[in-house]
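Take a look at these structures.
You will see chain A twice below: alongside chain B first, and alongside chain C after that.
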Partner chain A sequence: MNAFIDFIMGPMVWVAFLIFILGLIFKMVLIIKDINARESYVYSYLTWKHSLRSIFAWMTPFLPQSTKQSPVFYSISYIFHLLLFIVPIFLMSHIVLINEAFQVSWVALDDGLADILTVIVILALVFFAIRRHMVPEVKYLTSYKDYLLLIIVALPFITGFLAYHQFFFYKAMVIAHVISGEIMLILIPFSRFSHMIVAPLTRAYMGSEFGNVRHAKDW
Partner chain B sequence: MANEIETKDEPTIVKEKNTDKAVEAGLARLTPQRIKSTINQVLQKETGPRFKAYVETCMHCGLCAEACLYFLSNDRDPAYSPAGKVKQTIWEMLEKKGEVSTDFLRRAVHIAQTECNVCKRCSMYCPFGIDVAYLMLMVRRICHKLEITPLYIQDTVNSHSATMNQMWVKEDEWIDTLQWQEEDAREEFENLRIPLDKMGADVMYSVIAPEPKFQAGLLYQAATIMHAAGVNWTMPSSPGWDNSNMAMFTGDNEISGRIARAFYETAARLKVKRIVMGECGHAFRSTYDVGNRWIGWAMPPFEVVHALEFYHELLTSGRITIAEKFKKTVTLHDPCNVSRGRGLHDMAREVTNMMCESFIEMTPNREHNFCCGAGGGVINCGPPYKGERMINNKVKAEQLKATGAEVLIAPCHNCHSGLEDIVHHYDLNMEVKFLGDLIYETMEKKIYKPGD
Partner chain C sequence: MKPWKRKSINRETKMKQKVIFIGFILFLFTAVIAFSNTDEPEGLERLDNSVFENPHRPGAVFAHDDHNEIAQIEDCAVCHHVYEDKKLVEDESSEDSPCSECHSLKPTEENSISLSVAYHKQCKDCHFEENKGPVLCGECHIKE
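Presenting the complex of A and B:
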């Protein structure tokens, strides 16, 4: 058992991060190679100016018309995506582990605040699940895979929350937390989580087509 | 949209999914093997990383639904949402690896050809900028290769293929119509000419085939505007004069490319400085954005100027002056292909305000305007689908009614025809006009004399 724990807390963390980062790099390379081989014309239209214009417009809360029409969803979505990065990166216990391994550290969130933010992430995921089930145009597009994605993101946060509070099975909770976090990282390049890198590309292309050819806004 | 709207024809028109002879005959010819190999050929060989990204990145969030007039007009039925249409077509084709039934294809061709105007409004509501219109055009491409394209629009493509114009207009009929309009216009404007094949003119003016076929008055108007403004212009006498391109909307890319090539080559033969086109949206899309790409030009080889932009130029430079402004209240419909497709919406407002006393904005507007519901080849699928088309754009009728305007300006042929149908069906009591109609009505009818 101890050997297993050592493995998932040690080498497996490395493996997960390597798959996550190299997987995304590999995916990016494949996309670019595929563009060069089959759709090189996109370079005739892509411009940095219009790509960035579109990406920044869509990252600005309540600038796009769509965000004005669905303010509740977008508010929750903006906060969720921000916290998805902020909470794990600035969590004290994560920074301590990294400090032990690499002797580097950075500013940490207050544990109480991190706890609240974790609950917010979980509630946001609950909102997404309820929305999937309740809103007809979303339900129509939904399959079990969409719930699975929500669960995969939720698990590290739920287990982390439970482990922090040491409600029950502390040790098992920590193990579950580490494993679910690793699963999430590993799946990012191979699932629709890869919208992390693909969405800026599709946005850039649409932004360039609109800005460069159509002389119109795309938000 | 809360304001309820009464319709003239209800409840006699019941919403049902129509089909037609060409679709049914095509479906009857299909074999499972042909369906499978065609779908897989198109999806694997004719797409690329964009297609892959669109299909694999969609998070099924449903935010595109809010953008689509079909969804909004059909009581928010999810089957009409942009992603919902992709689910019923592309997703299933991919999941079943092309092994789909003819019933599936009957529904797919119906969705792609008559329940989507490829207006790209949804790309402005998708946070990722997924191009659903492109995916629907892929479905049309598959349907074209399976030969199940709806009858009426296929007939226009056949006409394009045989005559290089959309309406089976013969060469002598074309020239004859221009000369007839020239003769009539000379009663009003002494010495007016419609110069044919004038080499090196500043402007080649081009129109869509329905103009000579049954809207010859528009040629008359255009000629008077050119004359009054003293433009050095010409029209081609040979095939290539028609800038419309229905093949672009059936997925018949090969014929679409032939049409665009004939068009540019005509302009090249006449050595004109630039091309000005009539008030047509899809023709502008073909010659400014799509047709050029198929034949290898990133941007069109000629400067292509939509009528709206040309009128703006004539009015702001003072080549056309307004004698008396138009009195009735007007509202303006932004056609997708010139606003979302070319950003001409602010010019359209300037032109309108220069000619009209009282302009009422419709909401939403500019890039966010609702589509007419006729464009993208939908109206061209013809009478079998007209009843559905009316129901499918209830939201447009509500938007128009809210303006309370007496006159609706639609600077696009498809929009113009589609909106006339909407105005009639929903009893909106509006007059639909082109910008050219208003310029003709309000301008100073100058007799141009060389040297002036």
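Presenting the complex of A and C:
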């Protein structure tokens, strides 16, 4: 059993991170190639100024009009996306493992606080699932894959929460935690999780189209 | 009854079934949590972690003599090693001095391996090598 744990907590972590990072780079190259082949006229009005302006406008909480129209959803979404990165990166248990492997460490969240933030992440995902089911215009655009992706993000947090509290099946829970985390990382380039790099491209396009062609704001 | 009305009723009953089903799962979930491992297992021998000012985890469970009997370790130096000038000194052991004498709480220039890392690696590296024994955080730092 330890050999298996050694594998999923050793080489498999490298594999997951490599697929995650190289996959995103590869996806970026494919998208740019596709643009060059089919819509290269985009470059005639694409500018850094309008692209960055749109990206920063949409990164500023409640600046865009549509975020003001759904304040509850966007509040939860902002908090969720921040915690999605903050909780795992600043979790003490993760830092301890990184310190053992690479002799580097950084400031850690208090365990009690991280516990509460984990519950907030899980509740946010439950909210997203209910929203997909209840809001008609969102439901129309939802397929089973969207629920599957929500479950895939939720699993590392749920298993991590249960493992931390050592409620039941501790060993199985940690193994499920590690594997589900790796599955999430691996799926990023191949699923809609790739919006972490595609979204800025969309903003660059929209920002330039609105800013440089129509001379209007896109937020 | 008109067919579209029937459909809407179907949808409502389906919705109700779903809510009941989800409620049932949540109920099971809470029940399992409520009745599992709430008692502290008695008589666990733990490592003394009083050197740590503000320990984040309870001391690791470790029964020295039982461990060495099962692991068939007779040479103290297997764990209680001695290093000089960052080199292992063969045939010398350090069981009479506390680990914290060389391994301080934070890594130093003399010894880059902090006390907690020393403990973690000492146990886990061997357990991985032997493919036996606990290797996950909570297998040793069992909740109090």
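Going forward, the second predicted complex is superposed on the first by the 219 of 219 C-alpha atoms of A that agree within 3 Å, B and C clash if a C-alpha of one lies under 4 Å from a C-alpha of the other, contacts with A are read in each partner's own complex, and residues count from 1 in each chain.
The rule is simple: a contact is a pair of C-beta atoms (placed from the backbone, for glycine too) under 8 Å apart; a residue touches a chain by one contact, two chains touch by 3 or more.
Please read these numbers as outputs of a predicted model, since none were measured by experiment.
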Overlay on chain A: chain C relative to chain B, clash or fit = fit
Have a look at where A:Val213 lands relative to chain B and chain C in the superposition and call it first, second, both or neither.
-> first
Pick one for A:Asn99: touches chain B only (first), chain C only (second), both, or neither.
-> second
Chain A-centred angle between chain C and chain B, computed on Cα centres after superposition, in steps of 10 ° = 170
Counting only touches as set out at the top, which of chain B and chain C does A:Thr202 meet: first, second, both, neither?
-> first
Name the contact category of A:Lys171: first (chain B only), second (chain C only), both, or neither.
-> second
Counting only touches as set out at the top, which of chain B and chain C does A:Val72 meet: first, second, both, neither?
-> neither
Touching A:Met134, do we find chain B (first), chain C (second), both, or neither?
-> neither
Chain B versus chain C as contact partner of A:Val107, first or second or both or neither = neither
Does chain C touch more residues of chain A than chain B does, or is it the other way round?
-> B
Once the two structures sit on chain A together, report how near the CA atoms of chain B get to those of chain C, whole Å.
-> 16
Touching both chain C and chain B, counted on chain A across the two superposed complexes | none
In their complex, what parts of chain A are in touch with chain C?
-> 1-3, 5-6, 92-93, 96, 99-100, 103, 111, 163-168, 170-171, 174
In the complex with chain A, residue positions of chain C that touch it | 32-33, 36-37, 56, 107, 112, 116-117, 120-121, 127-128, 130-133, 135-139, 142-143
Residues of chain B touching chain A in their complex?
-> 48-50, 52-54, 56-63, 65-67, 71, 76, 78-79, 81, 83-84, 87, 123-131, 289, 293, 298-299, 339-343, 345, 364, 367-368
Show which residues of chain A lie in contact with chain B when the two form their complex.
-> 31, 34-35, 38-39, 41-42, 44-45, 54, 58, 64-66, 69-70, 73, 135-143, 146, 192, 194-195, 198-199, 201-203, 205-207, 210, 213-219
